[in-house]
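Provided herewith is a single structure, encoded as structure tokens, for subsequent inquiry.
Per-chain numbering from 1; labels A, B, C and D assigned in written order.
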Amino acid sequence: MKQMTCALALVSAMAATPALAEDITITVWAGGSNDSDHYRIDNIKIAANLLSREAAIRGEELNITVEGKRDFDGWDGFKQAVTLGAEAGNAPNIVVTSHLDIAPWASAGYIVPVEDYVDLDAWPLNNVYSNLMEIAAFDGMQWGVPQDAESRPFFFWKEAMKKLGYTDDDMDAMAARVEAGEYTLRDMLADAKKAVDMGLVEEGYGFYPRVSNGPDYAQFYQSFGGELMDPETGKLVFDRTAMTEMYQFFVDAVEAGVTRKNHIGTEWDQWYSEVASGKAAFWHGGTWHYGRYTGKEGNDDFFGTIGFTLIPAGNEAGRANTITHPLVYLVTDQEDDRAEEIAAQLVAIASEPRLNTLHAIESSHLAIGKAEAALDLYAGDRWASEATEVLLPHANAQPNHPSYGAFSEAMFKGLEAAWTGVQTPEEAVAEVEAQLTATLGDELIIR
Amino acid sequence: MRIELQNFTKRFGDTTVIEDMSLSVASGEMIALLGPSGCGKSTTLFAISGIHRIDGGTLHFGDRDVTRLPPQDRPVGVVFQNYALYPHMSVAENIGFPLRVQKLKPAEIKSRVGEMAELVQIGNLLKRKPQQLSGGQQQRVALARALVRKPDVLLLDEPLANLDAKLRLEMRSEIRRLQRETGITAILVTHDQIEAMSMCDRIALMKDGRIEQISTPAEMYERPASRYVAGFLGNPPISFVNADANGRLAFGDNALPLPSGIAAQGPVVIGLRPEHFGPQHQGPCVSGQVSFIEPQGREDLIDVTLPDGQRLRAIVPAGHDVALGQTVNWQVDLSRIHLFDAEGARL
Amino acid sequence: MNRQTLLGLGFLSPALLAVVMFFLLPVVLTVVFAFTNMSTSTGILGGEYQISESDLRRLPAAGVREEAVEMLAGADYAVRADTLALFAAEFGDKRAQELEALHGGASFDDRRAMERALKDLRRDPIRSVRERKAAAELFRISILGQRFPTEAAFVEAITALGIPEADQAALTEAAYTGWTFTTQNFELLWELPATWRYALNSALYVVLTLAFNVGFGLFLALSTFYLPTRTAQTFRAIWFLPRILPPVLYVLMWQWLTWDQGFISAILRPFGIEPINWMRHTATHAWTFIVLINGCVGASLGMILFSSSLRAIPETQLFAAQVDGANRWQQVRFVLLPQMRWPILFITSYQTLSLLTSFEYILLATDGGPGRQTEVWALAAYHTALSNYGGNLEYGLGAAYALALVIIGILLSALYLRFFNFRDLVAKPRIEQ
Amino acid sequence: MTTSLKGNWLLILALSLISAPLVIMYGFQLIDSVSRPAPGGIIPQEWELTNWRFLWERIDSARPSIWRVTLNTFVFASATALLVCAFSITAAYALSRLNFPARRFFLAGLIMLHAFPTITLIIAIFIVLQFLGLYDSLIGVILVKAALELPFGIWIMKGFYDSVPWEIEMAGVQDGASRFRVWRELILPQVKPGLSALLIFSFLAGWSEFILPLVLAPGADAQVLATYMNAVIADDTRPDYGLFKAIGMFYALPVIAVYLLFQKRLMNIYGGGTKG
């Protein structure tokens, strides 16, 4: 209510006084962003230019300076910086971060809902896929705007598959088979074992998963029938059976010699160069890996060498799936309501298809809106269009829940303990359950 | 300048180190505070200098009450045992420091430092740093620094302790010379009786925070006020013999007549200096067996064990024919013996 | 107050100020925070009052009666007489009349729908987005999702909604988004199996590293003691560098040594040993390197302290021992070691505390992995309170972790007071005035 | 105790073997920064300076220039060192030599702080800083770092003051100088070696500090070499050990220089100062 009254006062004030030159500085912090992600910040700069021009036409002078920063010490460092900055009252105006941060940051009052400042029914926000918009909403409010979309496919090395006896047609049909649940993680494990046994790949390189915690592992939980959130109550769900089976799957992979016991913690550099050059038979990653494989790692024939599918189902209870983990633009709470308004408008403009496409193609992410597919730049990109088609319709997201971070963290630590043989899957699950029960209490449903 | 310390009391925490002590030093006099370590002589010195607070009593320099004055404001010069020269300053700067504190003009400082350096005979060392000086030279610098601002009182805290034997002799007379030349009132703290006796006009012998006796060196040697004083002074030390006074002084098979003018009854202690016992003296005899002979060149020290097991020491000129184990019957110079009661007070 | 007192307090005050600001105050705050549920979600500096949609289902458990909850739920926006009057006052009667004609009596679930309804105004449309949002806000009848900066404002709002007074207290408490006092952190620490593991890890880490530090420091000091000066200096320099090299760089060197394509792997490859990440292969590997990394830093301190106390032992004692026919080992065993009891005791006690609370090298090397196996207590405190992937920083719980270390720190340093011979340290200054 | 090299070859051999890993790390730190090894190997193939490109170009458009970061680090380290020294020389003197009420209490407090686990306080320190409005600023981190180093600094300086003979101080007082003047003109010159050792030590401590700037000054304006380097390493899309090592070399150069120049004094502080 306070914000609205302020806004009202401002609106009337602005109407009453003659236009003056207005100088405003907008800071943008982008987490987990590399060089190829520079449009996360640059698009805000372009938007600022546009907004200034619009103001000029209205006869107002609006000078917006955009300052960007994305060299953080990993996600941990970025989140620490944003939260502590917000507490200290010098948070950046716009943050680009995981949608998972919406819940805790909204409760803490660090961010304000974009819907307070922009018209969601107007261009360009009404063009954004509604399931993505939903991911940037929490507790019935639209807090942010998706900044990019991606999805996390399962990859296989075509040459290895060929030697395992798959024809080109078989491989083309793979995506469909996985989607239908005909090819499961267990089948994959068998194939990977064969590949190791036949010497197609080195031991430990049959299945070559992500080396650190990330949303990817929630996909495997889903593959084994796990559900992250109960849609009825909005509580997080801990599915003992699914969790145990998922842990068991990785333990089996290690025991079969398909995955290395010490895999977690492998250097990313090494990991990228290995999967891009066919050292591994199966692995999983993200749509943006395309850029890395074809770029720095020098794989010139991506489509000829690498196939991709959804993450296969693990058992009867589970389903083939993929998780999209879009980053979102969030507007932070500031002393000055005007800064929030400008920031929100910049976010809206930066979501224009043309601008967003720049980011999507440059960084091998997917479109956030329907109209982007029609743009030459996007349509002309084989990866973007194929991946959008195969993956995005099936993508779900992790839930926006204040405690999801703790949930995800605990789940991965348990997996790591089982994987490295420190605990049996049952022990690991029991400990994770105990920890989550204690920390989440009523907010957790145990199945 | 006359120093008058009255009813001085000093406590460290809960322990009283010195209680109700009085001391007066005449103007131009040099007095020694003599005693074993821990007897409170340094504490007294520091109280006079102002470094220690005086917990009870008063201190006057002349007519001026300085009891509450901080050390900076007292007209006192101190020479410390380790000289406490400022290592980063040259000799001239060291001596000039007290004047610099008084904000004198550099020219005047220079001339007074030169003057003082001449007095202590180190005029050629002014540019050196303390670590380039010998012990005796450092001593002279410390003296010069203590005297340069013309204090009324000079305090010397074991000034010779860090010197070798030869330098000690030299500095002994040197300090005395300076004190005489400047006419300053001086207090010397020492545990060395020879230093005290050779350098000072009077000696205050201290024990457990009290002054046991205060008098001239000769008087103190000749008429020690207590057994403690008698035992402290003299080298080789005095011998003590427990005796029973009953008209005469009996100990074991031996007996001495009671010296004239002394009436004593019951147990007493006889103090007999080695130089007053031996074959070469006149007087009553004491017999015993020679138990130890220590040749000293000009004379020998000879221990005589009495029949009751007590021991007397004698100084006998070299060239005697006394042999170890021999039974002797030697004379005692009866006029020079000291008699003390059981508590150690002089009779 | 005399001059010395003034000077003493004056000399002390800058340091005192710094210590109060950055030691004393933080210690007090840590104690306070340990008894709160402070986290990212609650914020640090106090909260506001808000009932969100997801709060509704939690309210019955918080002691708010169903009737009250139902009053809170329900439609958010309604076009009815009272809200229209507000609208008319701000945006004119004509618009209000048109809206009443179009949507009179209607209610909307969210603001977006309300805004759409406002867009239906044709005669004199509200063009500015901000104004339309402000207008939509006038029709709001629910307080769901609204933040109230003060308790008074919130109570006023729920009173206006007609929430019975009986429920107001519970509701206000539930609506508070800031932190509250609780002892839950300690219960949690007690219950979590991980807590005990962290404690055990810490103990393991301290004991192993300390043993390495002292043993190896002693070895280095003794062995270089017998070497010619230049050679000894070279070795001391090699072992001293880890202490002064920046930790980030120092750990990077170890990572280069141990990773799959690093030095050890490359050296062992010709012998048919598969390259592995030597630092993270198993918990044992990780522990070995944690101890080595920290140990090499700590050993240098031991080396230097021990060396200087060795130098203080008169050489004549060694000559005497040599004359007595003692070989080097016997010299060390019977002459040198017995005289080094004090420095060994000092290093041991001093490093126990610093190891217990240090986590920088572990953070940089393994970050507690693999599988939390090298997560020590201090690192857990840091992770919980300040750094985790989920971004949910639990300051309260982290402070509870830290409090345990603070208490151990105070107890141990009180013990050291005895070791350090406090009486000597506080000997009275010898100039009294 | 020095003996000939000859009788010690076994000892030297043992020490060399044990020191080998460290020496190898140091050696390759230098070699790898100016060469490129064969993939998967360790033997340098080509000698080149490209790893040092960060000196003249930005390795990532988002990162500040290395010179800016180096300047920050230098300012941070020197300011910390100066503050620590300035506060330590006065406080330590008071504790060592001056008589004032509650001195015992302050001394006990000093010993407690000396051994205290400071890093556990970082959450609360953040709150204090943010209350002072110094969060995310270089000044804030400097103050915190200096404060955390203070107990150590005071401890060290007190040790040095304690070893100055009381008689020097007494002589000064007797010569008519005030306590302040005695401190400034007579005592301070005696503890110069300790002061310079503390200065060097605190400078190095500041130069190496990682956690405090990481947590308390995450903004680009206050980045220091430790956080810069860690961020470069943490950037998982472009790990490049050659580059890391070159940056590391650059980062370590002043440390090594300081070590070579002031070896004795540093050892002094570690050897003499920390004794109880």
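Methods note: a contact is a pair of C-beta atoms (placed from the backbone, for glycine too) under 8 Å apart; a residue touches a chain by one contact, two chains touch by 3 or more.
Which protein is which chain? UniProt says A = Carbohydrate ABC transporter substrate-binding protein, CUT1 family; C = Carbohydrate ABC transporter membrane protein 1, CUT1 family; D = Maltose/maltodextrin transport system permease protein MalG.
Because the structure is a prediction, the values reported are computed rather than measured.
Chemist: Two chains share more C-beta contact pairs than any other pair here; which two are they?
Modeler: Top of the contact-pair ranking: C-D.
Chemist: Quick check: how many Å separate the C-alpha centres of chain B and chain C?
Modeler: Roughly 68 Å separates the two chain centres.
Chemist: Distance between chain C and chain D based on Cα centroids, please, to the nearest Å.
Modeler: 23
Chemist: Using the average of all C-alpha atoms in each chain as its centre, how far is it in Å between chain A and chain D?
Modeler: Whole-Å distance between the two chain centres: 40.
Chemist: Just give me the whole-number Å value for how far the CA centre of chain A lies from that of chain B.
Modeler: 93
Chemist: For chain D, give me the residues that contact two or more of the other chains.
Modeler: 130, 170, 173, 178, 215, 230
Chemist: List, in ascending order, every residue of chain C touching at least 2 other chains.
Modeler: Residues 3, 44, 261, 386, 428, 430-432.
Chemist: Would you pick out the residues of chain A that each touch at least 2 other chains?
Modeler: 77, 80, 87, 267
Chemist: Which of the chains touch, listed as pairs?
Modeler: Inter-chain contacts occur between A-C, A-D, B-C, B-D, C-D.
Chemist: Enumerate the contact residues on chain B facing chain D in the complex.
Modeler: Residues in contact with chain D: 46, 49-51, 70-73, 76-78, 80-88, 97-98, 101-102, 145-146, 149.
Chemist: Applying the document's contact rule, which stretches of chain C touch chain B when the two form their complex?
Modeler: Contact set of chain C toward chain B: 3, 428, 430-433.
Chemist: Quick one: which bits of chain D touch chain C in the complex? Just the residue numbers, please.
Modeler: Counting only chain D, the residues touching chain C are 1-5, 8, 11-12, 14-15, 19, 21-26, 28-29, 32, 39-42, 86-88, 90-91, 93-101, 103-104, 106-109, 111-125, 127-128, 130, 132, 143-144, 146-148, 150-151, 154, 166, 169-170, 173, 178-180, 204, 207-208, 210-211, 215, 225-226, 229-230, 233, 241, 244-245, 248, 251-252, 255-256, 258-259, 263, 266-267, 270-272, 274-276.
Chemist: In the complex, go through chain A and note every residue touching chain C.
Modeler: On the chain A side, the touching residues are 1-2, 4, 7-8, 10-11, 75-77, 79-80, 83, 87, 97-98, 100-101, 103-105, 107-110, 115-122, 139-142, 203, 213, 233-234, 260-262, 264-267, 270, 341, 402-409, 412-413, 416-417, 419-423, 431, 434-435, 438-439, 442.
Chemist: So in the complex, which bits of chain A are touching chain D?
Modeler: Checking each residue of chain A against chain D gives 33-36, 38, 68-74, 77, 80-81, 84-85, 87-90, 267-269, 272, 292, 296.
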